[in-house]
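Chain nomenclature is as follows: A, B and C, assigned in order of appearance, with residue numbering initiated at 1 for each chain independently.
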Amino acid sequence: SSVVINLNPGVWCTRNFSSSEKFVDVSMNEKTGISTVTMQRLPVNSLNLELLQELSNVFDSLEKDKCKGMILTSASPTVFSAGLDILEMYKPKPDRLKDFWSTLQDTWIKLFGSSYATVAAINGHSPAGGCLLALSCEYRIMVGPKYTIGLNETQLGIVAPKWFQYSMENVIPKRQAELALTMGRMFSTEEAYKVGLVDEVATDKNDALVKAEKFLSGMSKVPTMARTLAKLSSRQEALEWLKNNKEQDLKQFLGFVNLPAVQKGLDIYLESLKKKK
Amino acid sequence: SSVVINLNPGVWCTRNFSSSEKFVDVSMNEKTGISTVTMQRLPVNSLNLELLQELSNVFDSLEKDKCKGMILTSASPTVFSAGLDILEMYKPKPDRLKDFWSTLQDTWIKLFGSSYATVAAINGHSPAGGCLLALSCEYRIMVGPKYTIGLNETQLGIVAPKWFQYSMENVIPKRQAELALTMGRMFSTEEAYKVGLVDEVATDKNDALVKAEKFLSGMSKVPTMARTLAKLSSRQEALEWLKNNKEQDLKQFLGFVNLPAVQKGLDIYLESLKKKK
Amino acid sequence: SSVVINLNPGVWCTRNFSSSEKFVDVSMNEKTGISTVTMQRLPVNSLNLELLQELSNVFDSLEKDKCKGMILTSASPTVFSAGLDILEMYKPKPDRLKDFWSTLQDTWIKLFGSSYATVAAINGHSPAGGCLLALSCEYRIMVGPKYTIGLNETQLGIVAPKWFQYSMENVIPKRQAELALTMGRMFSTEEAYKVGLVDEVATDKNDALVKAEKFLSGMSKVPTMARTLAKLSSRQEALEWLKNNKEQDLKQFLGFVNLPAVQKGLDIYLESLKKKK
């Protein structure tokens, strides 16, 4: 039987890799000092190596430029991010696969441990890796009512690594995190709000951006250095875990992806996608 | 003064040990693959060495048979389990006392870290060790409104070991766990539901079993290996704590039980039970 | 720009040090065995070296006298405690500064890990170090509706040390603790109750004391040794952290206070206070 089950048919992107495209747009509000980072690898912002590299570079720039606050959002009208690009894991080239996972690790470390304040304006579905990006921000505003969010890896036959788990436990109670992670549960906007997975609900993307700016405006009144140190102290255990276990975490991922059962599962899954088209 | 205070008079069983009896019934639904494990050491399922050994063996079998899901419940009409059998601790034989505690440790490790999904159908009172068994499952459905549940060890002058504490913190917020553990609080069905100690309330045992099957049916749709790994990852710290501290935990228990004050307290307590009869 | 921002103008005390005064009053109810510890360094119970030393000594005495339960409250009509006395950090004498921080560490270890049960009757504002004292107790009753409480260190450009963070995470969910600590948020009585930062709301000081006695009366029915061991087990990680990191924590505090930017900030702040007068 297949190890991959598709919850959101059609959500996964199958376009070819291209490093010449620009998958991330950054715009800065000169008045407020707030940067808006928009993922634009359409249709669904599948996180492939290039998109992750761009995000990672953008986070470096914001750090260097002493960014006041950052809003992470999507150019798609219905999807925040569909998560990791499955094509990166299907019949992978060893070096690229390593780069892919290492870049994901680094992107998370930079976002989860950024010195600037971060908000996710979740303007669409946000499964798996998309949810991870949202969880790594300090505040989440989600457009409702019709979208879904969650770490649904187990539904796909995959296990969310330890740092995905820590990212969720940083936001919702341990009890809820265990249930959500074992079931691979996707939450509706309202359910996500109720359990604390998102902090506010917005009527549309514009409303989400307005609310995000309001949150960041409050944060900007707090002395910067103290604010950053308080954040890093609160997130220290999770950050240190990945920093100290990068190699082991990478090895585990590579071993998993290269299992014949996993490759076969991906094969069946991608075939079924083709047929749908 | 006595170190043992009885909260639920008459709840503790005083029958003799007997290894020939069958204290656990296992029935399997061929259609669903769900096993129902019923504790039947009447009247109150006091956890003595033999009951624990049977539970431990049953959990091994379920693991070997690749059980799809397990419901833990009781044959008593009013008690899920009254907790550890006090007679195991009163004037104990050294070897049996060691076996008793080691078997409790192993039973917990197997249940808390089982690869199959687990639900407690709590059809009666569930103090101390009874509550521990319920907490070790992944989901709790409790019959209401008149039963009680809790780790009430401190009320009996006993300290719940570290892994009892972890089991509770895995389910309810740390703040509530500290209050409940220091006070040895027993929760009514409604209070338990409100604080998150149980996930659902049932009208009677049959209703509890139906709800348990519904939960397990949802779980069975999640790919097994991923589901199990997610559960073990979520419970890793608690499991590793006991695995790494079994000897020390056993030593602490033996030292405590053999304190003259504790033996004297048990003596007074058991005398008072006899007088009641 | 200043690293210190004043949220509660006028709250900080500027009186001179004097070791001859008595900053703490202790009264014992012979009938119940409950001790009421009243901070009376008026006007606002700023925590200077002498007040902390008195508190530390009082906690030692209660421990020695096998106190049944303790209520911590304030003689001020509007302030529980304004937190650390800024004058201890402004142009400090090296030895006194060391003593100051070490005494704060010891006071926290004694209060957070006391063998007797503890309640804070919060009869006024309770920012920063005042909030820390309240968080270290096992139960909090706050007079409403017009007071505020919180670890607002970041608002003052200061970072709450790790053990302040642990004290807050022991009481409210990690998610709420991160938001509160990064923003340096002050909660109104009602907000504090809603998030779980306080357990009960009282109409005035007398009502708070009555409620505190009721809580301690319940606690006194639990066998003492078991109760204490359960509390210490629940608080073990936080207590061990500080016990194992006292030197490093002190070093970090001394380094921070002696930063030119911090001293300049304090200078500007104290000047602004003088002008107000």
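Operating definition for what follows: a contact is a pair of C-beta atoms (placed from the backbone, for glycine too) under 8 Å apart; a residue touches a chain by one contact, two chains touch by 3 or more.
Keep in mind that what you see is a predicted model, and the values were worked out from it rather than measured.
Peer 1: What rotation angle takes the CA atoms of chain A onto those of chain C? Round to the nearest 5 degrees.
Peer 2: 120
Peer 1: Shared interface numbers for chain A and chain B above half of all numbers used, same, or below, different?
Peer 2: Different, since most residue numbers here occur in only one copy.
Peer 1: Take the average of all CA coordinates in chain A, do the same for chain B, and state the distance between these two points in whole angstrom.
Peer 2: That gives a centre separation of 39 Å.
Peer 1: Two or more other chains in contact with one residue: find those residues in chain B.
Peer 2: 173
Peer 1: Using the touch definition from the top, list the residues of chain A that touch chain B in their complex.
Peer 2: 3, 5, 153-160, 162, 165, 173-175, 177-179, 181-184
Peer 1: Under the definition above, what is the set of chain B residues touching chain A in their complex?
Peer 2: The contact residues of chain B facing chain A are 117, 138-139, 169-173, 196, 218-219, 222-223, 225-227, 229-231, 233-235.
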